[in-house]
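Consider the two complexes below, in which chain A is the common component and chain B and chain C are the respective partners.
Our next item is the complex of A and B:
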């Protein structure tokens, strides 16, 4: 077996066992043990930075779900399936595998968003995500077709300008980059909290992992620069007056994905930023699922939001700092300027939220 | 390590006291505080004796601890700033003065502060002060010097406002802090000038380079020297930044003795002596030093004559004596200035501790209208003030002040910069010194007292214990004998650039000055209590504070804020637009998706 197969095997096995267990002996505790065990085993085989981030996030999301309300086997199966898709995305070396990976990542998420079937908001969010993600997947597939057709190879190369632009429509949608960001707020707000956590971490990491497989080309750079600039500004502005915590995180993710896109465009250090961002988000979702109104909970939230704000010495600051240094030395002045400017605007929104957290009026 | 341990000891003790002080008993805390400073004195004494008796031609010892700020650029590798200490004869004199006087004052403080609730915090601040002062004195480069310089400023602030329940103390502390900050900015500019000229901050290297590269009278030398003078003027309370010192007397009296008489305020004198080479390159700056000193010594002498508060008289006297030192520095008589610095530290510390005893006995009452007739009640105070004021007035032959002050006057007269006029001002200053000293002495000890009522009563059950008696006796002896020590010639071992051969006494002039001093005492005994006092603060209020607050009032509406308002409005507007796009309708979102794709592909087609 190849290393990649070793990585996926424990999760696939875990899914099978969970299916059997769901059929014959339902038990929340056993299913928790099985799912965590399979993820941890997979983590043991993982040798890739992105693998590790994804697996850590998946385990964390399963725990959050258990903290919030006991979760059933099916929930875990869907999470494991989606994780499987995310790992496939990262390890695929051709467009075919990549498409399968992305769809495997996305399909279980529809189910996860609509998890609480009695809640009409969940259903609404799921349908929105289904239709929009389906539409964007169509563009993705068309883009891949062009990318295959022109050079005649399935290898991950941006040979065709048309194809790459369509491909980035699909990826941009999943990363909720402006102008494809409209779904983010609604879905983040209406999905169950652990699922929002999953969307915000695993699904983003996987797509960023795909991004780093290719290098920016002449054809896509101007369009993607525009997308990055729009995302940073739109994300920061949308957070300004946002009261709802989940929706706020959605908007802030737009800005942060813009920052990551900048890192990709200027050739900066994406890995550190992504790790810092993921860890911060996991902290925030942990606190939200656990007890956001307790003293420790609000302290953790404040810490998390300060990090998201980019306050010096906190993790995300160093990520931003490295990206800015690269942008500066490679003379991408527009990206640099908007990066700094949007971080500045964002501070207001975070500060407001921190004040609200401290005033113990959190609506998770 | 030998040098580093001297400032390190008090700083460690300070940290201990600040962190765990409330767990120690008062007695333990205060003696720990004494121990920190005392051990530092022992270490300093050991180092100085070891180095300077070791070989006759010993010049200087440098100790590099670690690289503080590295510069990796190849052109600026000399600019790397080391955490390093430097000991030569000049810093050795300062080192001994600072550690020794501090130890005595620390012992005195044990008794003085015995009833205070925050003894450990007091000693923490005091130890921190001593540590910072030693860093200043031992600094090998300007940045380390600046660290010490700001450190003593901070501790001075903390200690002036030590009794923080009274808002007036807080105001006095703030005033001292801000006023000296003005000088500090000047000093910083001086350091910038030096760095931009030579690319190094090491003091000795800078002095060598300046001597080699700057012509005498050049603009850059004058500018740099004037910037350093600005720093020295702030710290040493010379005109025009002198106002803070009199208010600083609101702090505990040992603090006034230590920081605002014996050590910190002499930092300005030390700084000018340290960078004497630069001043020697600029006749204008040297003249400025001299005239600042001359003006201050007369102004402060007159002000001292007009005060009714014991500690304020001593504060103005300190300013005036510092003026003498500046006079000597400006005339190029560096060793004489350092000599006077040492003797002044002894007798002024003695006088302040004497005042401390009075404050201890009389509920911190220092007004001369309320205290008098102490002659037979407290003979120790009488002797303390007799010796201290005698040394201050430079009573001939037996007091230390005589030798240092006469050395200053003679050298000022002989110097190329100086001459008859500066000498005459110095001699007039001697008259004033005599006058305010005589008046002070008379008011304190005259048999019936000039004031009719002596309303303050000594506190019950308080007496002068050993902790107070010992430092007072030692300082009294030193006030009489330091004059015989060869401090001036010792300090001269550090080549203090424009050398006058020291020990030039001109007996005729000395006799005139002495007679003037004694005449002053006679005048002083006739001067009464004043009803009103001239206010320097009012002058500053009119010139600086009023226009400043007028401008502030005008700026209150903050015109510049409109720019930020615009920014906020724009952000709000765009946020509104973007938020309107979040309709929540799936059909809108799909439309937006398709439009975005069309735009992107359209861009592709037309580019």
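Our next item is the complex of A and C:
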């Protein structure tokens, strides 16, 4: 077996065992043990940075779901399936594999969003996501067809300008880059909290992992620069007057994905930023699913938001610093300027949210 | 290592105090006292002088984390520790506020010791976090507004600083001030980078159009937060430490503009201070007026004026802090510190303002004439403040024993600087001379005699 198969095998095995267990002996504890064990085994085989981030986030999401309410076998099966898709995305070396990976990543998420079938908001969010993600998959597929047709090869290269642009419509949707970000607020707010955590981490990491396989070309750079600039500004502006924590995280993710796109365009260090962002988000979702009203919970949230704001010595600052250095030295003035400007706009939103969290915890 | 301890002791004291709140006051007092003692020890008996860079008395370096001590930072460190002591006296029975006090002090010490621009930036940002939470949690009625306004303005300044630092790094490949001072940048980028640094420091100073965050913060912040977080003019320190030595030519180019802003700020601040009802806002606008005077002195390219600025940074911080403590509680001290602030001869502020104006006059006579109005206008608003607070009804002195003791100490220091400023100037000026005669900025023709002359003048007056 190849390294990639070794990586996927434990998860696939875990899914099978969970299915059997769901049929014969339901138990929350056993299913938790099986799913975590399979993810950890897979982590042991993973050599890729993105693999590790994805597997850590998946374990964390399962853990959050258990904190929030005892989650059943099916929930874990869907999470494992989606993780499998995410890993396939990262390791695919041709367009066909990549498409299968992305679909495997996305399909279980529909189910996850609509997890609580009695909650009409969940269903609404799931349908919204289903329709829009379905549309974006169509763009993705059409783009891949163009990319295959012109050079006549399935290899991951942005050979055709038309194809690359269509491809980035699809990827832009999944990464919630402006102007394809409209679903983000609604879905983040209405999905169950652990699922929002999953959407915010695993699904984003997988697509960024795809992004690093290809290099920006002349044809797409101006369009993608515009997308990055729009995302940074739209994301920070949308956070300004946001009261709902999940929706806020969704909007802030638009800006942060813009920063990552900048890193990709200027050839900066994506990995560190992504890891810092993921760790911060996991901290925030942990606190939200655990006990956001308590003293320790508020403290964790405050640290998380300070890190998102880009305060020095917290991890995201160093990611931003590296990206800004590269953007400046490669003379991408617009991207550099908008990056700094959008960080400034974002400060107000974060500071306001921090103020709310703090004052609430003091009054409580 | 000693320098690292200076940072860690207050931080540790703050955290321990938070965990063990019954002993918080004694822990805080102990950590501030030990930091004070350690600073003195480090300056006078610190062993080092290892010859790495013979300019710094003591150094601590770990990659970008680079701390160094010289006369300038020593004097400002001592001042901020005195201010921390005052702030502690005011928050003696509030263990949670002491945590914020000590973390702010720790950040401030780091800021004053940093000689690498990246570590300076890190402390610049870190210092505002405890102040933000302090205001947010323990401020007066419009605290949320004040705190948000504060964090947005300071983050604006921080991001401009960050962008300038990145640009500087891109052109030079280093952020270490020792190496930077030997590098000559091309004229165009140098000007823009210098402007970026200056703008960032102007926001924090604050200077005229960018001062709006300060009055609301002074109105609603807890007084100890104002003492340690705002009265030490970190913006002026940044200009003095980085902009003037690193970009002498650009500083010359910017000077007329800064004189203009400073001139407006001096008069505008004074006029607004005169028309405020809230005594804290009077102090806020008087701070704006004095900070604008400092700004004019900083860009005057004159050694005399610069020593005046340093004296004024110290004495203004001490006198305003004293006034804040005594405000509405003790008539005698209020009057004393108000007199110091309006520049009564024989007290420290007078020395600073006089040196500053002498130096300014040699370079920019018109600017000096506008700056000199601050002495008159200062008298007007300070006397009005005293009348407003104490005239008419009978007041009792409600100050407790420990603030009285602290105020006495601060008053003694002001009197000492006012009567004999030479020891202080000897501490600060030599380091500045060394730093500045090397770059192409031409030194004063004869700094020695001019200095002595002015000192005699100050003593006689």
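By definition in this document, the second predicted complex is superposed on the first by the 360 of 364 C-alpha atoms of A that agree within 3 Å, B and C clash if a C-alpha of one lies under 4 Å from a C-alpha of the other, contacts with A are read in each partner's own complex, and residues count from 1 in each chain.
Convention: a contact is a pair of C-beta atoms (placed from the backbone, for glycine too) under 8 Å apart; a residue touches a chain by one contact, two chains touch by 3 or more.
All figures in this text were calculated on a predicted structure; none of them were measured in a lab.
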| item | value |
| --- | --- |
| Clash-or-fit label for the pair chain B, chain C on chain A | clash |
| Which superposed partner A:179 touches (first chain B, second chain C, both, neither) | first |
| Partner, of chain C and chain B, that touches more residues belonging to chain A | B |
| Partner chain in contact with A:340 - chain B first, chain C second, else both or neither | second |
| Chain B versus chain C as contact partner of A:223, first or second or both or neither | first |
| First (chain B), second (chain C), both or neither touched by A:131 | first |
| Contacts of A:68 with chain B and chain C, given as first, second, both or neither | neither |
| First (chain B), second (chain C), both or neither touched by A:121 | neither |
| Which superposed partner A:161 touches (first chain B, second chain C, both, neither) | first |
| Partner chain in contact with A:240 - chain B first, chain C second, else both or neither | first |
| Chain B and chain C footprints on chain A, overlapping residues | 348 |
| Residues on chain B engaged by chain A in the complex (per definition of touch) | 571-572, 574-575, 578-579, 581-582, 584, 586, 588-590, 592-594, 596-597, 599-601, 603-604, 607 |
| Interfacial residue positions of chain C with respect to chain A in the complex | 121-122, 125-126, 129, 132-133, 136-137, 144, 147-148, 151-152, 155-156, 159, 162-163, 166-167, 169-170 |
| Of all residues in chain A, those that touch chain C in their complex | 306, 309, 311-313, 321, 324-325, 328-329, 336, 340, 343-344, 347-348, 351-352, 355, 358-359, 362 |
| Sites on chain A touched by chain B in the complex | 127-128, 131-132, 135-136, 139, 161-162, 165-166, 169, 173, 179-180, 182-183, 185-186, 219, 222-223, 233-234, 237-238, 240-241, 345, 348 |
